[in-house]
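Notes to accompany the following structure.
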Amino acid sequence: MKSKTPSESVTVFTEIVLPNDTNNLKNLFGGQLLSWMDRAAAIAAHRHCKRIVVTASVNNVSFAQPIPQGSIVTLEAKISRAFTSSMEVFVDVFIEDQTVAGKKTLSNEAIYTFVAVDQLGNPINVPAIVPESDKEKKRFDGALRRKQLSLILAGKMKPSDATELKALFFPKEELEN
Amino acid sequence: MKSKTPSESVTVFTEIVLPNDTNNLKNLFGGQLLSWMDRAAAIAAHRHCKRIVVTASVNNVSFAQPIPQGSIVTLEAKISRAFTSSMEVFVDVFIEDQTVAGKKTLSNEAIYTFVAVDQLGNPINVPAIVPESDKEKKRFDGALRRKQLSLILAGKMKPSDATELKALFFPKEELEN
Amino acid sequence: MKSKTPSESVTVFTEIVLPNDTNNLKNLFGGQLLSWMDRAAAIAAHRHCKRIVVTASVNNVSFAQPIPQGSIVTLEAKISRAFTSSMEVFVDVFIEDQTVAGKKTLSNEAIYTFVAVDQLGNPINVPAIVPESDKEKKRFDGALRRKQLSLILAGKMKPSDATELKALFFPKEELEN
Amino acid sequence: MKSKTPSESVTVFTEIVLPNDTNNLKNLFGGQLLSWMDRAAAIAAHRHCKRIVVTASVNNVSFAQPIPQGSIVTLEAKISRAFTSSMEVFVDVFIEDQTVAGKKTLSNEAIYTFVAVDQLGNPINVPAIVPESDKEKKRFDGALRRKQLSLILAGKMKPSDATELKALFFPKEELEN
Amino acid sequence: MKSKTPSESVTVFTEIVLPNDTNNLKNLFGGQLLSWMDRAAAIAAHRHCKRIVVTASVNNVSFAQPIPQGSIVTLEAKISRAFTSSMEVFVDVFIEDQTVAGKKTLSNEAIYTFVAVDQLGNPINVPAIVPESDKEKKRFDGALRRKQLSLILAGKMKPSDATELKALFFPKEELEN
Amino acid sequence: MKSKTPSESVTVFTEIVLPNDTNNLKNLFGGQLLSWMDRAAAIAAHRHCKRIVVTASVNNVSFAQPIPQGSIVTLEAKISRAFTSSMEVFVDVFIEDQTVAGKKTLSNEAIYTFVAVDQLGNPINVPAIVPESDKEKKRFDGALRRKQLSLILAGKMKPSDATELKALFFPKEELEN
């Protein structure tokens, strides 16, 4: 199976925050944004493997700033790394307010994992990812550490086997002292 | 501010999976479930503090099994722990298929964090939680460890200060050897 | 077919009143509430008989008080009585406003009737109901009178045969004079 | 206030039954039809009095036949009678299937009651109705009997005062024997 | 195939402009109106030929005046002319504001073209139209000119063959001078 | 006011065709696509002028091929030319089917016109457009001809004054003969 680059499946989404998407402060519901991010990430994953894809997990997502009604929200979803049948997808969220200035800011990022399945729902292999830009390479490298953390939290890996992750808590010099 | 129990704000949600909620395998979109879970969790958080609440983060959520169109999905959201102005909320998801047997199974659980804010969007204090059942106590205890992990991943806490979390990777006996 | 209690199929629904659900006074549309009540009642009926159920009729529903945008609305649907292939379902509606007090009030009740059908749409038998609480018993007893009224209004029963209902208009003492 | 005829405010609604409006037999949800009927009736009531109107009650509605996905549903709402500040509205529902024949049938009728209110939600007077056709006259006459039944069921009128309704159960000749 | 009149398939649609249908000036989105007009026109076309119909084109539509939130919008769709397998449909849009006066104005008109297809999507013949009123006759006559313009713009007809349309630009007297 | 290029405001939209968006052949409703195109075009126009924009007109749009349920639809909206307070926007629509091949084709193009308005709804000036690519230049040039055609069809310009458009019907050599 031929490898692919992240930009071959990049998916862009533009949405306007309508009244029904907002809470009593007239800011976007977190749940609505989660749903939009899942949809953008699913299309990116589908474009990468040309198969039916299902959401496997959502990693730690934080909502740093409120997004007011009327804002234009742009989501950009990109595959960061592919494993046997799963794909990690980053979603970057940008918002523009509706003033004349139209300030555009990176609002937050989320990480989704999708699995490719056949018509019966069984996992099937997906192409590997070859990162190109520096940002893509950094996210590619981090994907393994995040996978280990997921496996540990799910009780499917022993913490002592998570070499990469361990280094995060006990940098080499500290362990040697 | 008077403490409260988790059951004082428990929130139950029942939904039917309609055609528009499903992918090409006629299973529920992950993003739709994320949105429902956020809504249930937000109401539970609101009931606990009687304030406007905003989603602060979503922790690792996994989608273990497909949920077919026509399923009845029940969500139960409960506060697991309250910190100064934030609340951790567990959402348990149960599904019933539509056969005569109507098998009901625990499909998955998710953890959302909400912050209580005033009319200007500034954080305000919320009541503490007093867990009652064994399950509530276990989730209460784990909340601190999850908070540390979030802070480390966000670069706001040094791993060496995360005493509780550290113990997960290096059990006491191992460290003493 | 084994009888069941009302609590075996009780169904709870929580909804937030969003802008699109409201009229020009920013209160919930009656039609939206009717639709939510039908959905809650249908799930309760389905849970009772584990069959496909279709709405047969809606009895007199009154909308006593306006429900403002942002309110949290809780619906509780419970089977009051089962006949051969039909089930009468009560839906109690509670509202909470979004003030700090979060006052919760019983807003109104509605009565729906559902029929259980097979895959071809033909009626099939459903389990009987054994009421437990006092409220459940009272509703169980009233169901027969309501059924008679429906039949008379539809021209399918002679008023003089509706013994129970007749007593409502002409209490015994009056008839004997 | 000048009287009006029913045809001055007649309201016609055409809808197609889409996948999300249907149950597992691919027939229209009763709740969706209830919501459409309320909307049509509300517009008719608004057109009659040119005021904000709120749903006061829904009378006995029966769902005689299933309405399959893809059907074209036409609703016709007409004021049958106006009281001080309330209006009774009949909604006739017609369905057309999508065959070449395009058979059109009267599927069912429903009766809604609306109240006209001012900006503060207080009831205000509405114009009287002058029925024209035979059908309009028949519905106009029946409106008083239905109002009495509502008041009795709500415990606001003594059955013995409901002269019109009483006659339904004990026709004159029967009482005199 | 028997001819039909425009009034045999006239389709009326009534909608209320809800918050989610509006932009930041609280006026109806043009795109929402386009979607409603398409739906009304599609039902009229379906009623004319009793076949599945698909949108073939939308002609020049102009949005002359803003339609504020809360307005009641009535759409009336009528076949203006039928060609071999296509139908031209006019949609007239009327708006009523919600003041006591309830002023009703013709807001704009749009022209859609639909094609009748069989279950495989192949075009099939439709009945001819016999216009009755003066307005219907005028629209019937104009339909041929509009069809020529479409064909020219799509590069499927030479301008010199569009006799009717040519006359629009060079009235007879001008050409003869 | 500083001129801008079309690419400064290009807007990309990705949508999946869900069951509720489709007709009985399970192909996308034309009206749904019209609504998506309007939304994409409106955001592009807003980004160009940073003002509230309202749809002024939709030019001839043709729907060449059916778009089946499950397709991924990508819309790309770009300003082709700006006049005093109006902007002409082209929307190119691409579809991908969901096979492994994932064939991507240009499905159709539409032309919308938007007007920039202030908070009171009065037209205000917008920046000029400087086309860059060959395609952008060609569309820029055609915009004037399309504007003339609109004005003639609306009866606001005499055909004999539409120099550019006239040339379309009577090429120079033909007129000179």
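Worth pointing out:
Going by the order they are written in, the chains are A, B, C, D, E and F; count residues from 1 in each one.
Note that in this section a residue touches a chain if its C-beta (ideal position, glycine included) is under 8 Å from a C-beta of that chain, and two chains touch if they have at least 3 such contacts.
None of these values were measured; they are calculated from a predicted model.
Each step here moves to a touching chain, and the least such steps from chain C to chain F number 2.
The equivalent interface to A-F, defined as the listed pair sharing over half of its contact pairs by residue number with it, is D-E out of B-F, D-E or A-E. Two copies of one chain, chain C and chain D, touch each other, and the residues they use overlap strongly: the shared fraction of interface numbers exceeds half.
The greatest centre-to-centre distance from chain F, using averaged C-alpha positions, is reached by C. Between chain A and chain C the centroid-to-centroid distance comes to 45 Å (mean Cα coordinates, whole Å).
Mean C-alpha position of chain A lies 51 Å from that of chain D. Between chain B and chain C, the centres computed from C-alpha atoms are 33 Å apart. Multi-chain contact residues of chain B (touching two or more other chains): 19-20, 24, 39, 52, 98. Of all possible chain pairings, those that touch are A-B, A-C, A-E, A-F, B-C, B-D, B-F, C-D, C-E, D-E, D-F, E-F.
Residues of chain E touching chain C in their complex: 18-20, 70, 98. Residues of chain A touching chain F in their complex: 11-14, 16, 39-40, 43, 46-47, 50-52, 72, 96, 98-102. Across the complex, chain B meets chain A through its residues 23-25, 27, 29-32, 34-39, 42, 52, 54-63, 66, 112, 117, 119, 121, 150, 152-154, 159-160, 162, 165-166, 168-170, 174. Chain D contributes residues 19-20, 22, 24 to its touches with chain B in the complex.
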